[in-house]
Amino acid sequence: MTREIPYIQAIMEAITEEMQRDPNVIFYGQEQAVSDEDPMVVAFGRKRVRPTPISETAEIGMAVGAAMVGLRPVVELLMTDFILVALDQVVNEAARVYFKTAGRVKVPIVLKAGYGFAAGWSVQHANCWYNLFMGVPGLKVVVPSTPADAKGLMKAAIRDDNPVVYLHNYMLTLVPGPVPDGDVEVPIGVADVKRSGRDVTVIATGWMVQRSLEAADLLAQEGIDVEVVDPRSLAPLDLDTLVASVEKTRRVVLVDQAPRHASASALIAAEIAERAFGALTTPPRLVTALDTSVPYSKPLEDAVIPSVERIVQAIREVVQA
Amino acid sequence: MHPLPYPDRERALWIYRQMVRIREFEERVKRTFTEHPGMIRGHTHLGDGAEATIVGAIAAIRPDDYVLATYRCHGYLIALGSSPRAMMAEIYGKATGLSHGLAGSMHLADPEHQFLGTSGIVGQGIPHATGVALAIQVRGSDQVVLCFFGDGAAKQGAFHESLNIASLWKLPVVYILENNLYQAVTRVEMEDANAAAGEPLSTKARAYSMPGVTIDGTDPIAVLTTVANAVERARRGEGPTLIESVFYRFSAHGNIIVPPPVPLHFEEHEALTIYQCADEYEQWRQRDPIPRFRAWLGGIGVSEDELVAIESAAREEMDDAVRFALESPWPEPDILQRYVYA
Amino acid sequence: MHPLPYPDRERALWIYRQMVRIREFEERVKRTFTEHPGMIRGHTHLGDGAEATIVGAIAAIRPDDYVLATYRCHGYLIALGSSPRAMMAEIYGKATGLSHGLAGSMHLADPEHQFLGTSGIVGQGIPHATGVALAIQVRGSDQVVLCFFGDGAAKQGAFHESLNIASLWKLPVVYILENNLYQAVTRVEMEDANAAAGEPLSTKARAYSMPGVTIDGTDPIAVLTTVANAVERARRGEGPTLIESVFYRFSAHGNIIVPPPVPLHFEEHEALTIYQCADEYEQWRQRDPIPRFRAWLGGIGVSEDELVAIESAAREEMDDAVRFALESPWPEPDILQRYVYA
Amino acid sequence: MTREIPYIQAIMEAITEEMQRDPNVIFYGQEQAVSDEDPMVVAFGRKRVRPTPISETAEIGMAVGAAMVGLRPVVELLMTDFILVALDQVVNEAARVYFKTAGRVKVPIVLKAGYGFAAGWSVQHANCWYNLFMGVPGLKVVVPSTPADAKGLMKAAIRDDNPVVYLHNYMLTLVPGPVPDGDVEVPIGVADVKRSGRDVTVIATGWMVQRSLEAADLLAQEGIDVEVVDPRSLAPLDLDTLVASVEKTRRVVLVDQAPRHASASALIAAEIAERAFGALTTPPRLVTALDTSVPYSKPLEDAVIPSVERIVQAIREVVQA
């Protein structure tokens, strides 16, 4: 059985269910649980659910410490941009403990952070920062694009014994979708073919999955059969699924909400170029945000973020090359 | 209240005029959400309630001094003399805006009026202001910097690191901690150890062997007097001061946070929507700095006509700013690449 | 000095034994640079001079309490009962090391002995320790955490953010600020506003409405007494304490920083190499915690034989650790992938 | 005329000369200028040269502020790893000011930071973090590999009106090389062919340039003619020079001291795959650090970092494919 629920509700359901299941899971962050009527406070009490000061370094660092002795903290960080003041705690602390201690200390934490709020949030609040995380050994990074993935990946993230950066796209917040009932995990590190097709593989994450699927629908009317693959997890990266798709379609377009050199797509393109070079009939094609900051004004923002039209155009060019 | 002649009548009227201009501007920003839905995007933060602190502090500096603040920035620019037209146009994302629509409400900047801008990342503007003070010291001038930030920001590492260095190097900066009792939706005693212990937030100055003082941020003359002392100290090369100015904001932290196409608006203040403390809210409403200062001006003999003239001029000016912003053209995408590298 | 029976004779001898074991271990680490050049790589930091603080503090806790510290970490593990063999092997990069050679001197960890590890990034271990205290509180146990860090680290944002939260939430953690008067090669009054103003660094506790106290870190019993009080306070759920323990390190900050093939070694202390303050160095040498505590033990009737026995046992133990580490095999590269993901 | 001087001396000469030339240049950082005999202190006084507390957020943030009003601060950050506690100041403050203010405020700062100290510095101190910086619009990133480049790029960085992340490889610190006398700038954004060859292009930066040149010498004995190109600047990236080389040799090996997804090489490989696909006869080949943390012990560290042997082997495979 499935229900239709919004993306954000799917995320919060997963956290709530995991907190019910495992008393070691705690949840805190800024502007959380401030009222006694907050449903999390009512369900789990003020020890396990807390509001925090604006102290990201302490918030993340404390999660690392609490995890060292067996808790499984989920930290609400609001926007990924806010992690930048505390990046060391993520990439040079949390991700290194297991290695430094040769497996004697684990850091099972989930850092929940929204990203890509291309809705007038402007220069400092609308960025996509996956490049900060996906190259760091020891860190897992997930980027769900549907409510079902959002719920299943949050469950997997909380159960994972490693630090997981859980990036949810703000543009998807209220988008509804079917979510299976019951305790369904989506494994980290497994890509998902969101639409299967023969002519070209589109690799996209987050909000760009939606736009790529729209582009695929439009192109279907022209007889172009697009396969859309969502890596879902950027680290580890399910290259086998991505490469298999490209080997089938022999063409690849990579759609990304970040500028080129901050994109996950460029890294994936390099992998595909190395692993599936022989299969490719055309160059791997990147469709990314323009190489500039995210501007405030709507017409400017629209020009920066890959639109359905730009995606359609790129796919058409690749298929017709 | 305060005896004249400090500030003199003209200065007092200047202060009142700026406070009213700020309030009128902010009200129009807020009404835009209902009157012109979709025109303001993203996140907007209002300073209604902060006028006495903003204007009192800016009244204490010279035209060549500098000011930096946060995303809640409209008021400073108005008091410093920026064009409300260019500000509103920026908030509406228009080509005629201060940054041609690249920045929006959170990032107004006007270096021509000594306002060097804001960071939307909490606390991160504090080192910038401190760095401006460093530049002043390196050059040997006697300018000063006013650095405004919130009670919440004082819990960010950047605050701590900056104040230590400013004190150590005796930099000419005055830190104005605007304690509006809320960090977004969180009450200050839920996130600040001094507040939880019933101590003023200016206690933090002790950690930096720096003078710290707490003042009534609803009284522009109290603010002016205190800031003026700190500014003079800084100018003399004796170093920074931490001033906690306590007041209340009357609007919610910001407009609601939702993706399109849900229309944006401002909810009521968190005291009402979350904490059910209508009392608290009402008590602070009684202390609204604008009517209080208006009454004080009446007390020193400013006529009702003079006050009304100030108020209607401000209303007209801000109506004009809205009209200007509405009628202005959208920016062209060619500016996107123009401002990547200098 | 302190009257018996606190600590009792046996406890006092335990303290002395640990102090001597630490010193002997550190001396062997230092001599490795000349006796076995190339065996130690990267950066190594010694705790000679810190023994009274390390051991006095650890003497105040229970076996189920936790300890976290910095890259300057050898002493804590020794006092907590870690194997000097496995420690030295880690410092030499051998397969028999605590982390099979993955970590090295800066990152010793021994969770079996409640030492959860270190960060090599200044200040970043402070929130970790605070988080361990959070876990204790969530679980409702009465354990406590000792969190050691340097005077320099207190100028990092992580310090500020952590102490505010610990005080706000009344977390069971004792912060021990080891003021050895130097941040690497920088004197504390050149980088700390309190120190520059002649105030103790424990003044910083005021910013968090937390008790703050400064003690003589060369006297293990002063340390023990103060830490024990703070630990009891934390156990009772009354929250954290900031203890500034003042002492001196006798070696340079670390070995010299150069790329291969230049051989590494320790220079003299910065007081001698940079500041030409032989006096300062000599005065602190007079206060070396080990001979001082030895004399005190003599004063309470511990015989010379007993002390010599402790000392020669420590020497033998640490010689054995060096031999063990030298003879141990190198790790195999297959472990590199084993510890990426849990 | 040229002189042989070590890499680190070349860097410090450039800073000193620029401070002599321009009174707006200041220099500060931890453990700098502590003694009154420090040559910088003697030359420029205690106003322009200062030791700082361990406060990277303030150190970098103050540079941003000082630059806003016309100074040109050079901040000594010791290790790039230490920037992580203050990453926001670099990538979401310094890099955004010019854009946010539509050109009305500039931030000419230089962040000098060592990286890649693969000499037993272990998990948290030996990393290569260029991926944090090179995808950020508004930021420039340079990675000199020789004393001459080190000096010329530092001069260019100080004179540049943008924030520049100046990354010097610790393994090169004492390596000597010829440096031209006089005021010679090396322009930012211009790659350099360090060895010209016909059979294969090797793209490498920093210490890996040296190892790639050694590999090229070995392969020359086998009759394989290797071209080694050093981008020198990662942002902006001189793709024209890189692509031209690949179009000539039709093969490319990218050598990088970072793990694959933290490497600059993967991003460059994606660009080359897109721009020079038709010219390539074999897949672009990445030779990076192993996907694990940098370990302490020498044999382990040696296994992680690309060795001359691994580079030789990869080039051989690519040429013989």
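Labels for the chains are A, B, C and D, by order of writing; each one numbers its residues from 1.
By definition in this document, a residue touches a chain if its C-beta (ideal position, glycine included) is under 8 Å from a C-beta of that chain, and two chains touch if they have at least 3 such contacts.
In this text, all values refer to a predicted model and were calculated from it rather than measured experimentally.
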Shared chain contacts [chain A and chain D, defined touch]: B, C
Farthest-lying chain, centroid of Cα atoms versus that of chain B: C
Euclidean distance of C-alpha centroids - chain A vs chain B, Å: 36
CA centroid of chain A to CA centroid of chain C, Å: 40
Two or more partner chains touched - positions in chain C: 100, 102-103, 107, 119, 121, 124, 155-158, 161, 164-165, 168, 190-192, 335, 339-340
For chain D, residues contacting two or more additional chains: 52-53, 55-57, 81, 84-85, 88, 92, 99-100, 123-124, 137-138, 291-293, 295
Touch-based graph of the chains, sorted into line, ring, star, complete or other: complete
Residue ranges of chain D touching chain B (in the complex, touch as defined): 26, 47-48, 50, 52-53, 55-71, 73, 85, 88-89, 92-93, 97-106, 108, 137-138, 140, 161-162, 236
Partner chain C, residues of chain B touching it in the complex: 155-161, 163-165, 167-168, 190-194, 196-197, 199, 203-204, 206-210
Of chain B, residues touching chain D in the complex: 66, 68, 98-100, 102-103, 107, 109-112, 116-117, 119, 121, 124, 126-138, 140, 157-158, 161-162, 164-165, 168-169, 335, 338-342
Residues on chain D engaged by chain A in the complex (per definition of touch): 57, 81, 84-88, 91-92, 96, 99-100, 123-124, 127, 131-132, 134-138, 235, 237, 258-263, 265-267, 269-271, 273-275, 277-278, 280, 282-286, 291-293, 295
Contact set on chain A toward chain B in their complex: 30-31, 34-35, 51-57, 81-82, 84-85, 117, 119-125, 170-174, 290-293, 295-300, 303-304
